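Structures follow.
Next come two complexes, and both contain chain A; in the first it sits with chain B, in the second with chain C.
And then the complex of A and B:
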């Protein structure tokens, strides 16, 4: 892997293979260097269960590098999914812009792959040097998966190189072969993610080992209780993250554009990026809820620590960030409607939508355990407010998030039909059914939300499934009607791409930063709830750092990582722009 | 209408402030009020910014003041009012009060994997109330639990189980309100059993500062008596214990 893709070849197949060969060679050298450095340091340093890194605690060092590696890994896994989706859309719609867009973002991958690989190798060295005993234990348990992981890294590199270098050659009738390459890149990438998730989730919800910690079943260790929820959660999050970073890149390019044509091009790119990001973001809370449920089922202690115990305050931060995401997504769409002739018809919906979003946000961010002075607590009769306390429980929060999702979806649909007028004879009836679907979903969500206060928790958890199902069903019904409804629709006027206020671009940058911050924060909670365990309940962390940090210190580290990530991403953007100018 | 955007936004913000301050009883603690007001402010500003016409109309009076297109006395009033408001806010924030400082505390401290009960090791994970059966004997056990409750717990947790017993007012934190939707219904009986049996001194380090005055009831009650009290407080408060599907609780021991 190199810091930039080399010049594109003139004779396609042979040059593509040649570049791929070079890529494989570079990965091999990097891995060999990692092995040599790790072995040399292990042999040189005195034997110990734990070591610090030049005065920096082993936990902080591994935390920073692991999180940065994970963020770049999410980027290089998310962007190919994003690129493949846009490429397929380009083929389906015969719109060349989608193909160019996919190609533009694939170009960003080169530098990102390099950073991911370097960070991954650094992390491996840190594991071996700073946590030798625990790393040896994990390596012993998961040895076969390591071999598979290495194999998949090579498969990923080979197909990623081929995917890029054959882009121009595999066009027209050969496009399907290029799409097949894209599918393979994503398959190997997803497999890599699933393997890494097996190691991480084993540490949270261990299975497949006996009381002494010896392996009894590798498959049970891999397919532990939290493995699949995290796989799905991360997969969706990666798509959202990839889309958000791509949209931020487009926003950055929009703001730096020198003419209207460039502005129009990057405005459109930003829209597509944000569309995919928000599309993948909408089901994320459902996946997160599933993960939380599995954590509770594995260990009530861990679940209580996470949601009601020491980590519960961080969920207020999470609510603030996700609520802000909903705000930013809607504001971006509404600003975007300013460049769509005819979209002013739907401005009237913005007041009720903002009202619903704000109320949902307020409910979601209401803390269950309130920070209150002595006199405030006396007035409340405890630490729980008799009225606000109703909003502090999951029944209210599930209702709020479902309503916010429904509202954001509605916003999208209005944006989509901004400049179009349905001409089919059944248009009025179709719209009525669509309105009914949304209203019915809202009634189901709010109805079950209120009723769930009166039933046992096991029944209430089941209601959340009905709420999610109602929202998804409404979306499916709406879209199923919308497609034929708008077929052959009269266009009021073309979308004036590029004519959007600059602040809309800042909303896109905000989306990317907030996604990244959320990843860092949620990652800390997921890992932190293990508390003083390496492998929860089985292998204790015996180092001096086996304590839970204060939230202030932890969030400072998370924020520092986010800043470092964006500095590195800015370097990636800068390199991509420099390459473009050279070309 | 749109030309009044600034004044509508300001009016709405003030309306929310007054509503939150006056319409909700008991008063909302300052921490939550601040949270709500920040979010309301952000929502109003974003809404205004999300449409070019609204945004221009919103800025118009501000521009008029700061660009000097209003009578001099209006400009002077605004330029005096702004720092006075900031000063007032700073004073309110910094003025000393005689109130006790707030104590950030967790709602439900995490239960340990196990604890000692009269010299016997009890594992919390998978622990079930042995007295919760389907037969007619359950009513009798609840009645016994009620009797035990009134002899021991009533004084703090109250007749209605709302944490408002005769002694409740002298404790910080005050006793738990079992009628609150966020207490018993959220917890498994094993959790409640642990809390009753080990009391305030059995709380994990992660739960500090707690200062709970809850006695260590295993020193005064038998294991069965504690389980009976647990049965009663669920029945008496109209709550049902949290449960999980059978066979899915693969938790560690």
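And then the complex of A and C:
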């Protein structure tokens, strides 16, 4: 603790190590403080199964802190993934801009790590103080994983700090060592995520315990039915979320830029951030289907309660959010085409694509049952509208979202070839096969969508896999042809980075806000479908807050969390800019 | 410029979040409360039993997620208003009450034509109904269908329900599997050749019980024959920890079956060790770097 390190180390290695040690020391102190506070409060407060936090309900307090911690954790786990990818792209293409961009992304991490750790430690204290009995139960079950989790926190901190502080030193021939550090950061980060997911998913789909709740197999408790789907879902979501926040940072810097060079730099950063966000977002619904399927496998009742019970209305909100994301992503791309010479060739596709997106959005946002008066119900012939009710079921919604994904992918591909003209002799045939792949996927998606109406829900949810596979296959075929097709393509003109309307930057901010709100909402649904159970079907929540609140109240809390998150993110941005000015 | 841009973006964020929050207020608003717990005894009369059954069906049982018991509701499962009337003719040899009991305990035993095998047993999570509660639901279904309730809760149902609600500790099950209860009595069940273990957790610390299981010759309770008890040193350690946890639990002591006997298992010690190792490693690395730095400076 009393170690001395040189104030101005002469060698970059010593400097990087001393900065890293500062980080380790900071985390050590934070953990010791957390332990001491938690122990002191546990000893001081009278014994109880549940406690409130100074009048605020225990559930709301834990919810707010847990969600903020989760959002920052998603950011600090997502950013290193695409920073590493960008860095590798820079090495592969020998384009220095990618390395600078990866560095710019990573710069945002240092402060975000501190906030994540502080929120995580606060959450731990809240668990111990507000839910002492249940926390002790979970701690007893997962005891060995806690020690591993702690070890991984230090591994993550050490490698993340080294990754940042050795950036300038490990260039040129030493670059491979820097990339190796980046790989380690991501490995430890992913392992951390997987452990935390084991705790969360055990509460949803418990396994490895007997009727009385005693542990029979730790591995079975960890590798429960929803563990791997959540792992994959969160990994992808973290990348998408990190990309969206980084793009919002770029948008902010673009709008505050003083000259064209700065505008061009942050326009490009915003584009890459949004590209990563949308790229990771496109396969996200597929991971969601897998998770939904596993929930149904675990408990059909839980699945039905999630999709057809009280929580079904929140999926209408989700539809609105994802529909808005698709719109914003496409609008950003279309506005971006304005700075690409030659992209005007594809303007004709924008209106039909907008129509498809609008139709998809309308279908997706159509509720199954409508709150109606007695006379309205008589007029409709029941609680479901005879025609519109058909669009309220998952069969229609799965179809709509797959068509929207396909459309957005197509939009991306048009953007990509904006200023390029294929010159290979088989260009016409290649484009025809690409069009055929898209059309075939659309037929499969719509075909299965219609057929889904005639089969039970457990069979229907399986069809979503075929729809997803068709869309993915079309994407793979399209890209596999596109790469050789555009190799050596004639360039109409260079992209005029920085020459994009300000409203495109607001589209990026909109993407980030919507992603964040969506994350808050989905987190609530995932947790809420346990209803009055801490561990579904096994350990009941016996507190006064075990009820499921109204959707209005839940969305107000989610909104408050999102605003708080953006205020904290703004602090991270300002800190990053202050460091930049110092440098 | 920076502050102005931040303000503009922040207002934009507030507007977007505000719209989403507003839409959240437009969807139907309702709260769902956990089911109330009602006590069923052998004396509970038929009307009350049927009332309790209705509460269970609409609450704890979660039946209305798929079925309906009124004009509006879900149609994933059969309409419950018809179930009592058709129950007697569903399966040969089963009267209405027996059929309804079976359909709740083992829903897959007979499927109503046109409906898939998707219902979990009412005895299992998430419904977790006790045998007495299942009879209450049957009573309600009979009344709902216009018939007279025939379901009667017996003393045996009530006792069984208490056991189900409590849940058998895994350590208790393992004592049966390893033959402990052939000689020992625990919680009024088992043999009498060896001492009653119900109070063992109060008399001995967990590590002493564990030692006795591994080395039965360590000591023998006075007035009982020496050398009768076999060693369980070859039994899976996890099983022994579970048995110790169960016996200690009977005395109100908490014992973690994942190995509380080791001081390393204390969370404070674990945390301290991890911090010590991480800081130690960093200090060694830093010392190495500084040494190299000095060497380079000297050259």
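Keep this in mind: the second predicted complex is superposed on the first by the 565 of 583 C-alpha atoms of A that agree within 3 Å, B and C clash if a C-alpha of one lies under 4 Å from a C-alpha of the other, contacts with A are read in each partner's own complex, and residues count from 1 in each chain.
In the analysis below, a residue touches a chain if its C-beta (ideal position, glycine included) is under 8 Å from a C-beta of that chain, and two chains touch if they have at least 3 such contacts.
All values derive from a computational prediction rather than experimental measurement.
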Partners on chain A (chain B, chain C) - clash or fit: clash
Chain B or chain C, by number of chain A residues touched: C
Partner chain in contact with A:89 - chain B first, chain C second, else both or neither: neither
First, second, both or neither for A:538, with chain B first and chain C second: both
Which of chain B and chain C A:331 touches, first, second, both or neither: first
Contacts of A:413 with chain B and chain C, given as first, second, both or neither: neither
First, second, both or neither for A:492, with chain B first and chain C second: neither
Contacts of A:298 with chain B and chain C, given as first, second, both or neither: first
Partner chain(s) touched by A:317 [first = chain B, second = chain C, both, neither]: second
Partner chain in contact with A:424 - chain B first, chain C second, else both or neither: neither
Which of chain B and chain C A:375 touches, first, second, both or neither: first
Residues of chain A contacting chain B in one complex and chain C in the other: 299-302, 304-305, 308-310, 313, 320, 371, 383, 456-458, 531, 536-538, 548
Chain A-touching residues of chain B, taken from the complex the two chains share: 24-32, 35-36, 39-40, 42-43, 46-47, 49-52, 55, 97, 99-102, 104-113, 124-125, 163-164, 172-174, 176-177, 180-182, 185-186, 188, 190-191, 206-207, 240-245, 248-253
Chain A partner contacts - residues on chain C that touch it in the complex: 1-2, 5-6, 8-10, 12-14, 16-18, 20-21, 23-25, 27-35, 62, 65-66, 72, 74, 76, 116, 118-120, 124-128, 166-171, 173, 242, 245, 256-258, 265, 267-268, 270-271, 274-275, 278-279, 281-283, 285-286, 289-290, 292-293, 296-297
Residue ranges of chain A touching chain C (in the complex, touch as defined): 1, 3, 5-6, 9-11, 13-14, 17-18, 20-21, 24-25, 28, 31-32, 35, 39, 139-141, 143-144, 146-147, 150-151, 154, 158, 210-216, 218, 251-252, 255-256, 258, 299-302, 304-305, 308-310, 313-314, 316-317, 320-321, 371, 383, 456-458, 506, 509-510, 513-514, 517, 531-533, 536-538, 540-541, 546-552, 554-556, 558-559, 562-563, 566, 570, 577
List of chain A residues in touch with chain B within their complex: 205-207, 225, 296-302, 304-305, 308-310, 312-313, 320, 323-324, 327, 330-331, 334-335, 338, 347, 350-351, 354, 357-358, 361-362, 365-377, 379-390, 392-393, 395, 453, 455-458, 501, 503, 531, 536-538, 548
